[in-house]
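Okay, so chain A shows up in both of these, paired with chain B first and chain C after.
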Partner chain A sequence: MSPKNSEIKVSLRNLSRHYGNVAALHDFSLEMTTGEMVSLLGPSGCGKTTVLRILGGLDPQHGGRIFVDGEDITGSTSDKRNMGMVFQAYSLFPNMTVAENVEYGLRVRKISPEVRRKKSMELLEMVHLSHRPNAYPNQLSGGQQQRVALARALAIAPKVLLLDEPLSALDAQVRVQIREEIRRIQLETETTTLFVTHDQEEAMSVSDRVGVMNAGELEQIDSPAALYNKPKTAFVASFVGVTNKIPGEIDGKGRVRVLNQKIDLSKNSRSAQEGEKVLALVRPENLEISSEFDTDAQPGLVITKSFLGPLTKLGVDLGTENLVYINMTSQEARKIDVGNRVSVKITSEELMVANV
Partner chain B sequence: MKNKILSISRYLILAAGLIFFVFPVASAVEFSLRSYGNKGHTFANYSWIFQQDDFFTNITISLKLAALSAIITLLTVVPAVTFLHLDGQRFKRIFEFLAILPLVVPVVSLAIGAQKAMPSFIQNSQYELAFFYVVIAIPYTFQSLNVGLSSIPLKTLVEASRSLGASFGRTVISVIVPAMRSAINAAIFLAVTLSFGEFTLTSLLHWETFPVWITRVSQGNVLGSIALSMFSLLGAWTLLILVQTAQNVRKKRSLKSQIEENEEALV
Partner chain C sequence: MSSLKESTTRKSGGFSALLKTLPLAPFSFVFLFFFCWPIFQIVKNSLDQGKGHYGLSAYRLMFTKPYMHAFATSLQLSFFSALTAGLIGAVVAFYVHRSSAGLKSTIAMLSGVLANSGGVPLAFMFIAAFGAQGGIVTLLKKMGFDIYGAGFTLYSLGGLILVYSFFQIPLMVLVFTPALEGMRNEWREANNSLGGSNFQFIRWVLIPVLFPAFLASVLLLFASAFSAFATARALTGGSVGLVPLVIGSLIDGNVITDQANLGDALAVGMVVVSGVVMLFYGFSLRWARGR
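On to the complex of A and B.
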């Protein structure tokens, strides 16, 4: 899933935007290479949609500059940017048929009717809707409408494709199907794409790189695997994937004392003073559970057991404020039941810590 | 048993509604067809309408005022509500407050105040009434447009059109107006019917339009005045039926295309 080439297509430099005294975006910079699909992920209000709308020319920025193909487009309006956009809300023009919607951008560009028709049929074929060119939007399902919106956005051969949570209004099964279609089409057309979503599974599964945003700033941008395995901040570690927050304490050698173990601090973790109370961030797959007593492990009681297909998730009470969750294969989990006494051990060699 | 009771009570309510609505109209029609001296039924009262010298003058001026009111509504209220939905959410409360004012300000105050506020060259023309009619109709036209636009993601449609390269002008013509067509139709219909039937303000300002003329002539011919009222009612219904028919034709076309699409898909 690597980018097609390393040529810089989009460069957002030091963007900022505020609403009154609230900074929606602060000194935000991002570069995208040609044909790359970058997702912006983050909680509501973190500024991810603001970035997309600024790039699309729909909202102004209060600072910073935007370059596409090396050209400064900071001051240009949305109709001059040639960026296709798919919105969260259904945005097909209700008075136009499917084909007319797809052809709209081409008609604006005064392309001949024959070429328009040919292009729209090609795109409808691509989104598997070539059998419904004369349907009106109100005759289509939500998933079909978003596929038409995607075809319409691609019809103008956009410099950048902007996807603003296009799947959030769809049901779970259709979401998975359409996100895979989006990725297939994006790879086929080699369109540089910025995808905004709050669903981490969605972002991780289709993107070349994922940027995690928090409070108007980009915390980390990396490949999905690097983001999950090597988070650079406590926020990323706790936001991406499931993370247990287990109380611990820093010892004299700069290690964290947690669950009867002493583990080195990750180099990405914030520094901490001796004796400081912290929360150790531990992934469920980095915890080992055993029904036998172990002096190096923490004893606990199994409270919940959730079957997830090949994996089973156990919730264990270790005497901490919250249950600690552990993933194990469903086959191994057969030996353990709710109410069993167990020992829990951390298997990772280094940990990140967050404030209590 | 429960369903049977429900079904009977449904028919009873429908019958009561029909009697409440049809009975007065039927009685009025019957009354308008009577002749003086109880000499049977006749269309004389209806032919009397057309024999009046001022009939065509007054109905023409009322129609012109209604058309002018519709145009002013299109040029002022429609853009204002559109702005409210596109970029003016922060002004929503102010707009809603202003839109309700014509209902709470007495017509006498409105008539005098508005007349004084008008530029003198309009004060001397009967067409000034169109501006007042628009103001009186605002509580209804505003609500009709506001509700109509709330059901459309107008801002998103505009942004989609702009991002596809359309200028704002083109977006208005190709996207905004067609998307708002039903809401605009409803607002224009309200503006026209309210203008066409407005009496109090027109009478206070000493202008003569169709409703004022009806009141005047009815004092000399009671049966004729009822015939006139029925004639006006028929006009309003005709307009309503025309609007409804136009909408039904569009719906049928859309349904036909859907059926054709489904048949093609099956083949």
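On to the complex of A and C.
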């Protein structure tokens, strides 16, 4: 999943944008290497779409600069940037056939009809729609329309491919299928791609790197595995994946007292004062459950049990405000049932903490 | 036994089909009694030559010069007023569509009122403003622009087009705005990101997408102008020969013996013109969609 080339393709430097008094983007910087696929992930209103639209020239920035292939394109208009864009939905021109839609960017560039048709057929082949060149958008399913939009965006051999939540209007099964196709085509064409999504599974499964945004700022950008396993901020830890927030307290040695255990604070965690009440952020797979009594562990009662195939998710009441969720193999989970008394222990050596 | 069951099923199927079509009954009633029946009556009456004789004498008369001239004038008025109001209304609708929500609702409300303000009051309003001694005409004369001296008269085809525009432009704004609301911002942005200019977007996307709605709206204006009666009557008093005015005068009693069915024949002529317009609309729509 590593980028093909370490050459810097896109460099966004200190971008900012505000709507009235609200800062949609604040001092945002990002570099993308050639052929890399970067996803921006974050809650609604975090500024991820704003970044994409600024890069595509569809919205102006109020500060900062944009470089593509080393060239400063900050002031150029969207039609001069040569960036293919796939929107959330409904972006195909309804008066044109599938082939005409794909050919549109080439027609604008005054490419001959024969070359255009050949290129559009190649791209339709790539997105598995070569059998429907004469269909109109309203004759296609949502997934097919997005494939055409992808082919149309790729037809101009874009410097950067911009994907603005292109799967959000599709049903779950089609979404998985199309996202895999997007990744396959992106790798085949080695197109540098910025993918904006609020779906973390989507971002994690197809990207070389994922940037997590919050309140107009980039909290962390890293490989999907590093993002999950080594979050640098409490926001990333709680936003990416499932995280239990278990009440604890900081002791005199800077450790967290939680579930009858004392665990070191993560290097990335914020500093905390002795006696401060905090929420320890613990992944479900970093909790161990046992049906035997353990003085180092926290006793609890199993309230829910959800079978997820190879894994089973248990919800345990540890006397805290919320249930604590624990993942274990379905094989092991056979020994534990709802209503059983159990002991729960944290297995991680260090923890991130968040404010109560 | 099985045939009895089949027959029961068929009966209950028929009953449920009847139930499903029941909501269409009021529409069917209106369609039959307020559309089909009047058309049947005017066709029948147009053929009625009196004393139990039926023939085409009214149609032969209809195809003579004065009545054909009335059709030509009506078509001319409808075409030019629909086109003028259609183009101006489309531009107004476009700017209204891009304006704030508050202005949009104000314009929509105003358009609703103005689109329905035809008839005698409108005619007198225009006479007061644009008549030979009207306020605006007098004002323009004082400023050195004598529009009547230049050949303009309110009581002419040009004058009627001006007056019709008063209610047709708002009507166009009302009927064309929904089509503009259906335009998606993503189309323009996709055009830009693919390197297209605004001109290319207008030429290749905007106009083809909006054309069917524009055509439909203009045809509605055409039909509205073609059948308008009160405004033209009040304004011109019959000096401009339009088909509805001719029919009106025939119905009013200015009927020469043996021509009682002429008004009906002219009405049939109007139905035929409307039918041709609708056919043209259908073909145009298919062409616009199928390109």
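Methods note: the second predicted complex is superposed on the first by the 356 of 356 C-alpha atoms of A that agree within 3 Å, B and C clash if a C-alpha of one lies under 4 Å from a C-alpha of the other, contacts with A are read in each partner's own complex, and residues count from 1 in each chain.
One rule holds for everything that comes next: a contact is a pair of C-beta atoms (placed from the backbone, for glycine too) under 8 Å apart; a residue touches a chain by one contact, two chains touch by 3 or more.
Just so you know, these numbers come straight off a predicted model, no measurement behind them.
**Q** Under the superposition described at the top, does placing chain B and chain C together on chain A give a clash or a fit?
**A** Result for chain B and chain C: clash.
**Q** Mind working out whether A:Tyr90 is in touch with chain B, chain C, both or neither, as first, second, both or neither?
**A** Touch status of A:Tyr90: both partners.
**Q** Going by the contact rule set out at the top, does A:Val108 touch chain B (first), chain C (second), both, or neither?
**A** After superposition on chain A, A:Val108 lies in contact with both partners, chain B and chain C.
**Q** Based on the superposed arrangement, let me know which partner A:His131 touches: chain B (first), chain C (second), both, or neither?
**A** A:His131 sits against chain B, while chain C stays out of touch.
**Q** Of the two partner chains, chain B (first) and chain C (second), which one does A:Ser78 touch, if any: first, second, both, or neither?
**A** After superposition on chain A, A:Ser78 lies in contact with both partners, chain B and chain C.
**Q** What is the contact status of A:Gly47 with respect to chain B (first) and chain C (second): first, second, both, or neither?
**A** neither
**Q** A:Gln139 in the overlay: touching chain B, chain C, both, or neither? Say first, second, both or neither.
**A** In the superposition, A:Gln139 touches chain B alone.
**Q** Scan A:Ile156 for contacts with chain B and chain C and give back first, second, both or neither.
**A** After superposition on chain A, A:Ile156 lies in contact with both partners, chain B and chain C.
**Q** Pick one for A:Gly300: touches chain B only (first), chain C only (second), both, or neither.
**A** In the superposition, A:Gly300 touches no partner, neither chain B nor chain C.
**Q** Go through chain A and flag every residue that touches chain B in one model and chain C in the other.
**A** In chain A, residues 56-58, 77-85, 87, 89-91, 93-95, 104-105, 108-109, 136, 149, 152-153, 156, 162 are touched by chain B and also by chain C.
**Q** Which residues of chain A touch chain C once you look at their complex with the stated criterion?
**A** My answer: residues 56-58, 77-85, 87-96, 104-105, 107-109, 136, 149, 152-153, 156, 162.
**Q** Looking at the complex, which residues from chain A come into contact with chain B?
**A** 56-58, 77-85, 87, 89-91, 93-95, 97, 104-105, 108-109, 131-132, 134-136, 138-139, 149, 152-153, 156, 162
**Q** Of all residues in chain B, which touch chain A in the complex?
**A** Of all residues in chain B, those touching chain A are 152-153, 156-157, 159-167, 170, 174-175, 178-179, 181, 254, 257-258, 260-261, 264-265.
**Q** Across the complex, what residues on chain C touch chain A?
**A** Within the complex, chain C touches chain A at residues 184, 186-187, 189-197, 200, 204-205, 208-209, 288-289, 291.
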